[in-house]
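My questions all concern the structure below.
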Amino acid sequence: MLELIVISTLNGVLFGMLLFLLSSGLTVIFSMMGVLNFAHASFYMLGAFFGFQLTKWIGFWPALVLAPLLVGAIGMAVERYGLRNTHKHGHVAELLLTFGLAFAIEEIVSMIWGKSPVDYRVPALLDFPAFTIFSTNYPAYKLFMLAVSIVIFIALLIVLKRTRVGLIVQAALTHPHMVGHLGHNVGRVFMAVFGVGSALAGLAGVIAGPALVTQSDMAAALGPILFVVIVFGGLGSLPGAFIASLVIGLVQTFAVALDGSLASAFGPLDPSAGPSVLTDIWNVTIAQVAPIVPYLLLVIILIVRPMGLMGTRES
Amino acid sequence: MMRKLTLAIAVIAPMLGQAASAEDTIKIGYIDPLSGGGASVGEGGLKTFQYLAEEMNAKGGILGKKIEIVGLDNKTNPQESLVQAQKAIDSGVRFITQGNGSSVAAALSDFVTKNNTRNPGKEVLYFNYAAVDPSLTNDKCSYWHFRWDAGSDIKMEALTNYMKDTPSIKKVYLINQDYSFGQSVRTDARKMLGAKRPDIQIVGDELHPLLKVTDFSPYIAKIKASGADSVVTGNWGQDIALLLKAAADAGLKVNWYTYYAGGAGGPTAIKQTGLDHQVFQITEGFANSGNQAAMDFEKAFRAKVGISLWYPRAVNEMRMFKAAAEKANSVDPVKVAAALEDLKFEVLDGGQGLMRKDDHQFFQPIYISSFGKLAANEPFDEENTGWGWHMVSKVDTAQAMVSTTCKMARP
Amino acid sequence: MTAKVTPTSTSASNAPGKPAGDGLRFYGVWLLGIAALIVLPMLFSSGGSLTSFSLIGIAIVFALSYNILLGQTGLLSFGHAVHYGLGGFAACHMMNAVVAHKWPIPLPFIPLFGGLGGLVFAIIIGWVMTKRAGTVFAMISLGIGELVASSSLILRSVFGGESGVTTDRTALPKMFGWSFGPQLQVYYLIAFWLVLSAIAMYALTRTPLGRISNAVRDNPERVQFIGYDPHVVRYLAFCFAGFFAGVAGGLAAINFEIANSAYLGAIQSGLVLFSTFIGGTAYFFGPILGAILVTYLQLGLTSVTSVWQLYFGIIFIGIVMFSPGGIAGLLMMHRPLVRAGTLRTVILSYLVAVVPTVALACGVILAIETVARFSGGETINLFGIGFKPQSPVTWIVALVLLVGGGFVARLSWGRIAEAWDRAATVARDRGYLA
Amino acid sequence: MSGAVSGKSAAIEVLAVEKRFGNVGIIRDLNLSVAQGERHAIIGPNGAGKSTTFNLISGHIKPTSGEVKLNGEVISGLQPFEINRRGLSRSFQVTNVFARMSVWENVRCAVLWATGHRYAFWKNVDSLPEVRERTAKILDDIHLTHRRDVPAGLLTYAEQRELEIGITIASGATVVMLDEPTAGMSNAETERAVALIRRLTEGKTLVIVEHDMSVVFGLADRISVLVYGHIIASGTPEEIRRDPKVKEAYLGEEAH
């Protein structure tokens, strides 16, 4: 049992950190530009596929640097030629643009790399068990992922606290209307923020690709959870996004690890009653409901605390 | 106005063009995922059927008619399958084949049955090559549905017969996809193991979401924690490949009894785990079965298509279709259906099979094979791993028969 | 077509107190639509056409219901299929219950129960969801959509798990001697409900609630100061949208005789968003055009190209960026010009632009198909000309069409903009354009 | 500070209202009384809290402490629409109309609640005679009948300001609050607007925030001077003109 807890905690934190790499960019973009970037998870997917392709051509380590840069450049192009032109039609149009983009990216990816998972391998250098805990191996690559996420997290903190752009971003988080007063630089700041956000998502993709599965529906699978994270954490709150990422990461991992059901807690129902909604709910295990746990959390938080965990703004 | 008009023309034009098919081809509608998560499996199946059609056409087709395989993408979605089936029927298709997803199979079987009742004279047959939910030949059985794959209960019967005689198995962990097929695997395993080896402990019984899990390591941690020595799973597609991949990462060493470890990605994952001959598969045939004709076929197939033959049953299906049509001397679906009933047939990997009249389930020899290093007389590896399938046990047709509750409504 | 024109039109409104001629034209359009629905299956009677028409009819009801949210109330939902799906399940269960208990309810009444299914869920969940509009609502709708879709696989007794709930539409009591076995009868049933729902939804736009919904869409803050609670308005609109989505789901259940979790899923929600937006949200008939086009493309393109969804995406992005009013918006842009009699010059500029624009489109198609079929090597058939994806000739042709077509097309679009400006100025002078 | 007209409760009464944003007090100890039928102007330098006062009374924001009464009934803490339904209507400093709807629709929406149609979804909005007549009358009043089918977003600025007034008075509220109705208008337009306001608020209670002193002194029965979130003087135009505190704090600095 202890072994399960340790392993699940590690896995949960890891998944949570990955989520944060994505949700941080999404939060900052949303706060500054008012755009919920539907295609954010698609940038994550692009990161994974670029990582895969570049790894094939030039090796994993150069790919680790290059692929996020490429994704960042694409993100900037999207901001410059897409969102900026759509801005005049309002936020709904911008949201729809990114929605269409997410759709198109998925199709382009599956057109180029096919619909089945690609064979994106862990680099040989990191393909060994890092340590063995109660006879279970923990792969070194996962530790590497964790390390990269933490490094990026610290770097983000420093950028936000110490640099001018960081201060602008912070100001934007607390006072979204102030962004309008940035003057003629606003376009470039937006582009940079969008680019960095996309690059972070791309980086998450590059490092997650070998550990998870790299295929064309990976964005669609992760996207909704990402939105849950930022609503749960509170729109526009980076600390909120951080906590929510970890909470969702841990909750989902632990939910899988638990076998309990109402039936195991309170004993089986009278079998003569026949199948009903009650028996469904009674017999379902926590592990089975794991995928819907994030959405349940979302509904609960909306009822209890509509602005999210750390949010200050209503919308 | 102009725009409206062009739009109208664009909308209408293709609807006009749905003429009946030429009479000298037999169109078989292949309805399976060609996009989305199941696409890799679906495309493999399509290529297999196309290869078979080409092979038959080269030998003169069926009763002198050419066979054409029409690929239709159902996105593993029952409604979409029905739309595609309707589309296929309208374009002259009278035979439908499908395999991926028992929910699709149930919907299609139901659809075909209704279609045939409502449109007498335009009957359609549904050849099921891979959907193994037992209910399709039991409570939901249909006269117009024929299944060449062994139902999951039949496979479990064969598997548990093997496990019964393997005393090293003490603690079994069940992990399956959370849908009808996965559930029937888990129920059958519990029931049959309980009957044949009551001393075996079921230490875990897991259902996970279908094709949605990207990281199985939490599940692997659970299996590890349970102390299981064997895992039984009906997982297919990415769910088996990722499961084995996660097991490899965590260094889990158990015996895997699987239905579909041989699917795309599975062999690669097994090779990575280093589980030499510890992953078992239950099939109606496999590359290194030792049957010369089958091995020749496999060789030619691999050379042409580039994948290994996942579906020996597809070969049986197509050849038996031909046999039935020739027996009936007609390609009329009603006559073919009648001819298929109780038809005996020499299957690809050797041995006699039977299309049972009671439930339209095809019974055939079942093999249990393990994956690992190859012996000298085993020429075929999988996915360029250098490893391949090795015969462990063969269960003859008679021993792989199960009873049915089907009350067939005959036309 | 990026001419500088007035941003958007008025809502789906007709000015009050119209002259009698307008009223006549108004009813004429509806009667024409109904007549077309009756006649269509006589012109195209193949099973495929009937299936297509049936699916299009369902899609129209669904898209119109979605536009109650998006176009009328300004609520962008990513989970509208939830109501559609629940309507489908409600209808299936109702049909089975009717058969089991021998209730005297014939099939044509079943969509009503589908609607109730959608409505009940909207009533339950809507109050929390519609607290806020905009992006927050969009995200919540997405989350709820995922929640319901995933839950449907857990609550097997209601949703039938993966395989769903099946039913037999012919087992219900007959009406007018119709068994509803043949697709033709189902088509007429769908057409009947389509007309009924369309009239009801159109009427809704002309009620006080409908108009206040528009006000909430435009300016929820101000609405509070004319006595209305925007939350209540959004909630009511959400319930209506849920009801009609449920009707559409019920029709789908009748058509397919099955309801399963895919009805509720993100793909279905995305499709209705596509249909509605491509058609145009600002006019009542916009979603109708969109539903026809998208359903048709969905049915037709799948057999032509394996990357049909990419074309969808491109069309959608194009509409969002260049014509947020959708097809309906594009069409209606011309109305003041028609009235002012200045359409001719614009049409001429269109004609000039057709050739390069088509060339550009062909270039895009050729490029996409080349990439898509590169590994497979299937020939691309464009207007009867075969192109080999591996051949450099194909690449060059694609490139020439893309670059050349694109360049000339841009020039010609500039001409359109100029012609448009001139025409619009005249129209403005003559008082047909504000 | 004078109280209500004897016998009747005051139309608006603001009692010791305070509003803080975080630690910053924007409004402190605000007391204000507007009698029935009175035209009351609130003036004060920029940032004095005039719009905040409007927002506090109309329910747009909630006071931190204190009470607001409408016709003797406590309304602080109520939602804006609840206050509106009790007979108080307001306009906005920044034009705040329904941009994509026609002028006609704009005004009609504002008429609907007051005519009792509420959220009705069973009535044809075009066949409600009293709604139509009232809307037509208001359009006529604000001289926008000829622009009735134009989307509000496409009106000229002055027209939009007039529409804003039209929407505000459409419900027939007895208490009308106008936030800088003539801001940004030319002299001629201002004159027209003042005449319009005078006519349309006949017999009603009017509270107006205005920078243009000629408008204020020409229109108002009474004036309150707001400085730093506090009313320093309240009285007739003559009294205000003569009040030394006002001269010092306001008129002295900003000659209008």
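All chains are identified by letter, namely A, B, C and D, in their written order; residue positions are counted from 1 within each chain.
By definition in this document, a residue touches a chain if its C-beta (ideal position, glycine included) is under 8 Å from a C-beta of that chain, and two chains touch if they have at least 3 such contacts.
Only a predicted model underlies this, so the values are computations on that prediction, with no experimental measurement involved.
Among the remaining chains, those touching chain A as well as chain C are B.
Simply put, of B-C and C-D, more C-beta pairs touch at C-D.
Greatest Cα centroid separation from chain A: this falls to D. Distance from the chain A centre to the chain B centre is 36 Å, each centre being the mean of its Cα atoms. Distance from the chain C centre to the chain D centre is 43 Å, each centre being the mean of its Cα atoms. With each centre defined as the average position of its C-alpha atoms, the distance from chain B to chain D rounds to 74 Å. Multi-chain contact residues, meaning those touching two or more other chains, occur in chain A at positions 288, 291. Contact of a single residue of chain D with at least two other chains is seen at no position.
Of all residues in chain C, those touching 2 or more other chains are 150, 309, listed in ascending order. The chain pairs satisfying the stated touch condition come to A-B, A-C, B-C, C-D. Contacts from chain A toward chain B in the complex involve residues 1, 3-4, 7-8, 11, 15, 110, 114-117, 119, 129, 132, 135-139, 142, 211-213, 215, 217-218, 221, 253, 256-257, 259, 285, 287-288, 290-291. Residues 30, 34, 36, 82, 85-86, 89, 91-93, 95-97, 99-101, 103-104, 106-108, 111-112, 220, 224, 227-228, 230-231, 235, 275-277, 279-281, 284, 288-289, 291-292, 294-296, 298-299, 302-303, 306, 314-315 of chain A touch chain C in their complex. Of all residues in chain D, those touching chain C in their complex are 58-60, 79-81, 84-85, 89-90, 92, 96-102, 104-106, 108-110, 112-114, 117-126, 128, 132, 147-151, 153-154, 167-168, 170-171. On chain C, the positions that touch chain B within their shared complex are 44, 46-49, 51-52, 55, 150, 153, 161-164, 166, 168, 170, 181-182, 252, 256-258, 260, 262-263, 267, 289, 292-293, 296, 299-300, 302-303, 306, 309, 327, 330-331, 347. Residue ranges of chain C in contact with chain A, taken from their complex: 74, 76, 78, 128, 131-136, 138-140, 142-144, 146-147, 150-151, 154-158, 266, 270, 273, 277, 307, 309-310, 312-314, 316-317, 320-321, 324, 368, 371-372.
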